[in-house]
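The same chain A turns up in both complexes below, where it pairs with chain B and then with chain C.
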Partner chain A sequence: MEHNTLEVRGLTVCFQTAKGAVRPVDDVSLKIPQGSIVGVVGESGCGKSMTARAVMGLVRSPGKITGGSVTLDGRELTSLPEKERRKLRGAEISMIFQEPMSSLNPVMKVGRQVAEAVRLHTGCSRAEARAKTLAIFREVEIPEPEARYDCYPHELSGGLRQRVLIAMAAVCRPKLLIADEPTTALDVTVEAQILKLLERLRDAGVSVLLISHDLGVIARVCDYVYVMYAGRIVEQAGTGVIFDRPQHPYTRGLFRSVASLREGAETLETIPGVVPNLLRLPAGCSFLMRCPSCPARCENEIPPLAETEPGHAVRCFLAGKEGAT
Partner chain B sequence: MSEILLEARSLTKQFPAAGKKTVHAVSGVSLQIREGETLGLVGESGCGKSTLGRLMIRTLSPTSGEVLYRGQSITAMKDREFMPLRRELQLVFQDPYASLDPRMTVRDLIAEPLETWHICESRNAVTARVLELLRAVGLPEEFLRRYPQQFSGGQRQRIGIARAIAADPSFIVCDEPVSALDVSVQNQILNLLKELKASRRLTFLFISHDLSVVRYLSDRVCVMFLGRICEIGTTEEVYRNPRHPYTRFLLDAVPVPDPALRGKEIRLLKGDPPSPADPPSGCRFRTRCPFATQRCAAEEPELREIGAVRAACHHVEE
Partner chain C sequence: MRRSIAQRFLQALIVLVGVVLLTFVMLRVVPGNPIETMMGEHADAATVARMTAELGLDQPMHRQFLRYLSSALRGDFGTSYSLGKPVSLLLKSAFRNTLYLALFAALFAWILGVACGLVCAVSKNRLPDRLFLGFSLLGISLPVFMAAMFLQYVLAFKLKWFPISGTDSWRGFVLPAAALGWNSAGQVAQMTRTSLLETLQEDYIETARAKGLGRFGVLVRHALRNAMLPVLTLMAIQFSGLLSGAVITETVFSINGVGRLMVQAISGRDIPLLQGTSLLATSVVILGSLLADCLYSVLDPRIRKEG
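What follows is the complex of A and B.
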């Protein structure tokens, strides 16, 4: 039977702002089967990163998890005291970000940063930590690991920095790796290497949550994809299925936008309008204002995430119906 | 063929680096940009794209070499002499979040270049022109009194573009103008740039690491590696038949949004780009190039005609 490393059910994050409450993550459910790469794709502000932060237990005040559950190998995380959570981070769940520089200490040699993380989580000796660090540097293909060990972050290229972060994230063999736009700041030739690295970690049994806005990246490495819009999951399916027959008008718009650019269309496809302000979401479907085909019903009722075929669910009243665009 | 608007002649820019090293950001780059054309500039981060862009509009001065604007060297000019040309040469930044002063209203942001160059007679004329610019970049009038943080990335980038075109420049460097944006929004901006290019006869240096984005807008493309040009030619030629080994790897590595192609083994380029503070001898690509020979270490390849493009490689033929 398939074992889910991570299960998120009905996760909701709420922010009290001066102008009212917003829910950047609204009733999000997702799961990551062990040893798979699951993608979350969507526009900026759709709540991808916030979902990741909530899973990590890193939602900062005034934000709060107001509902739902997050379980890692069956263990509930949302109710864990912060001290316990901190122990988990880096050991069982690790995270890498788009901009490696922001998660590295600029005045500490990178080798030492990784080694300290190892010591923190395993309590091993300095010498052991150094050996482990060098081993993981080799594993993530950092050339000349001994020399790089003593480099400061600014002395490394973006690709090398991201490798250092991946090394730091992977060194304790976490169950779950959350990668938030890990290659967005990198060059394609380096991106290709980093994606390969993620696949290798997956093959070694690590479950990966990959957040990306890049459908090319999603297509290349993900096994399953969730599409988020304005805080909600609007579509989910296996990668092959979602690329073959996207159902939600938003997903379709997104895929068409990418395709038209690739094909060099005279005028590029776009999704008209902008992402709605979370403070002023429509009562019904949040894609309403941009949707080319919305029946009256969509204005007052939030469409449910409903299965259209096994493993494929869509949050749209027209999904699976004839004439949906 | 139209007039050459801008020309780089053996442009070199070095920056001092830690440990008495020198960063070779741009090394002996020569190229020409014709009026009305869009030249795309691609290459990996740190290869010198932004430096080259800034050298072209003299927001940075070269270590050696020169830039000619309509045949006149702007490098040699005194600041005072250059002043009137400043408004001809504009820049659109990558980061629409950081590049707009959050304390200024949209009106004031777009009015700033108009006021700097005394383009309008009166305050009312300025506002009228700002409204016109808002329309040109596809923003509604009611944005006038708002502040940038109330806008999405795409909207901010439109404001950035409005600012860049406000003074009616002839040349705009777009430095990764859409890389902070989502695809659907990115496409809106690309459509806008394409439209402005046609309607205002603008000349662009379009910098992007995204090869499909560059392909869409550019008439010609220039591929850079570690401060040098590897290949330059018409967009069609370079994409259809890349000659330089680096260009080929680059085009190969782009992740294709088609899971059916997943099984296809992509040829991975070895290693990272070398440090521009310590470039390899000879061909700067040689430490990553699978075709490198001794000659590549000893001798720097010059750009030469290969078929319909120009490429700098010892071992590539027609």
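What follows is the complex of A and C.
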């Protein structure tokens, strides 16, 4: 049996707002086998970042994890006291964020920001921390690491800053690295380099949870993909499978709305309608309002996430049947 | 960086000369004869004329100005009409008192203000936040003379912990500094709170948390320095304000400071003294903002580069 670095089961995050309870993450289960890159894809606000935050234990008040479990190498995290969680953060689970421009402290030298993580988790001396930082800088291919160590964030390009952030996340050899839209703010050539870097980390044994709305990114590096919609997982499958035969109408819509240069398509296809307000989710399937073909059953009943073939599960009553298009 | 500081110095110098010129001209343009004010209604015309000539007030204005400027550069600001002493001497002793008062008040205000702001920010919208926010609001809205008299009544008159007035020892400065600093403390507290709360929303705070830093570590190592940048500007403005004389506080606690000296000069139409005090106040304000600029660029590497 393969070993899962991360297992999330039935994770639910709830925000009590003045207008009622909102669940940006609703009964999400996913697992990341050791040494693989698993993608979570979905549009803005679908709960993918919140899922990552919940795994990190960084859900901001008034948000709360109200159900489910998160285990890292078999160790339950949701019930750990904050002090223990903190020790894991940056050491065993680390995270890189979407905005390399603003994710580094502007008044602190980048080298010291990375070294801070080293000293925090290993308690080693300044000199050792510096040496480790320089080593990881070399590993993530930051040119002239000694000179970059004493740079301030504003003196570096976006790509270099993201490398610094990856270095910071990887310096303590975490078991799991969560990358939340790591390339969204970068241009395409830099994106390719960053993705290559993630693959290299994977090859070194780090499991990666890659969050993106960019199907191109997902297709390039992920081994397995989860599609999220309105807080729930609506489809999951191996990358090849899901690109080959998507089942859920939302997944299909996503794939169709990717701009393609090949077929000379004149207009960009879109999914009609908007993401439902999480405060007023329909009683049944949350994709109901935008679905091109919904039977009456979908209005009152949430479809279960059901396997249509081994390793491929879909949350749709019509999945696997003809006429689901 | 060095160039920009040199530039700032030059600008400061220009402002200084401008202010001297402006006060100089204004004092001579306003109606009323300072000699007549000085000698009373019954002075005879001959004496007034003699005095005017003696003080050089009959000369054309540009010549008066050049003469003033050249002696000012040598440290001679003239002799006070009403007090009969050299202005530089009067300024020196008044500035000493004002400096002590300002230092005490600033120390009180900044330590208290930053601490309050910090507590407020970490306990946002909970009891400590509301409590300290109320305290700082009181400081901002309470007129200084009321705060002064309140402190004087309770701590000096009733409890006899501190002298009611006078500056014989450092104890005499405590109450005036508290009364004066309360207002500044309130401002600093509110600014610190707002700035810190804003900073805590920044992405790099999230990074720091993801690194494994605890609440305290994030606050001290990443949030505070960034949040203090705007507060620092406020502090510089406050300090130069405090240094240019606190008329009300000095009056309530009978401290012979720059503020009182200036009032004396105005009511006595004492031209040399008035020029001296306003020159001092201006220099202090300019120096304060210059210092803040330098400090700012030390704290924020982004500014260092632009210079």
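Everything that follows uses one rule, which is that the second predicted complex is superposed on the first by the 317 of 325 C-alpha atoms of A that agree within 3 Å, B and C clash if a C-alpha of one lies under 4 Å from a C-alpha of the other, contacts with A are read in each partner's own complex, and residues count from 1 in each chain.
As a working rule, a contact is a pair of C-beta atoms (placed from the backbone, for glycine too) under 8 Å apart; a residue touches a chain by one contact, two chains touch by 3 or more.
These numbers were taken from a predicted model, which means no experiment stands behind them.
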Open item on the list: Looking at A:H121, would you say it contacts chain B, chain C, both, or neither? Reply first, second, both or neither.
Closed with: second
- [ ] Name the chain, either chain B or chain C, that contacts more residues of chain A.
- [x] B
TODO: Pick one for A:T267: touches chain B only (first), chain C only (second), both, or neither.
DONE: first
Open item on the list: Just checking: does A:S157 make contact with chain B only, chain C only, both, or neither of them? Give me first, second, both or neither.
Closed with: first
Task: Touching partner for A:D187 - first (chain B), second (chain C), both, neither - done: first
TODO: Check the residue A:R86 against both partner chains and state whether it touches chain B (first), chain C (second), both, or neither.
DONE: second
Open item on the list: If we overlay the two complexes on their shared chain A, which of chain B and chain C does A:R9 touch? Say first, second, both or neither.
Closed with: neither
TODO: Would you please give the residues of chain A that touch chain B in one complex and also touch chain C in the other complex?
DONE: 155
Open item on the list: So in the complex, the part of chain A that touches chain C is made up of which residues?
Closed with: 56, 58, 83, 86-91, 94-95, 97, 99, 102-108, 116-117, 120-121, 152, 154-155, 165, 168-169
Task: In the complex with chain A, residue positions of chain C that touch it - done: 202-204, 206-214, 217, 221-222, 225-226, 299-302, 305
- [ ] Name, in rising order, each residue of chain A that touches chain B in their complex.
- [x] 43-45, 143, 155, 157-160, 185-193, 195-196, 213-220, 239-240, 243, 253-255, 257-262, 264, 267-271, 274-275
- [ ] In the complex, go through chain B and note every residue touching chain A.
- [x] 18, 44-46, 152-155, 181-188, 190-191, 209, 211-213, 215-216, 249-250, 253-262, 266, 268-269, 271-273, 275
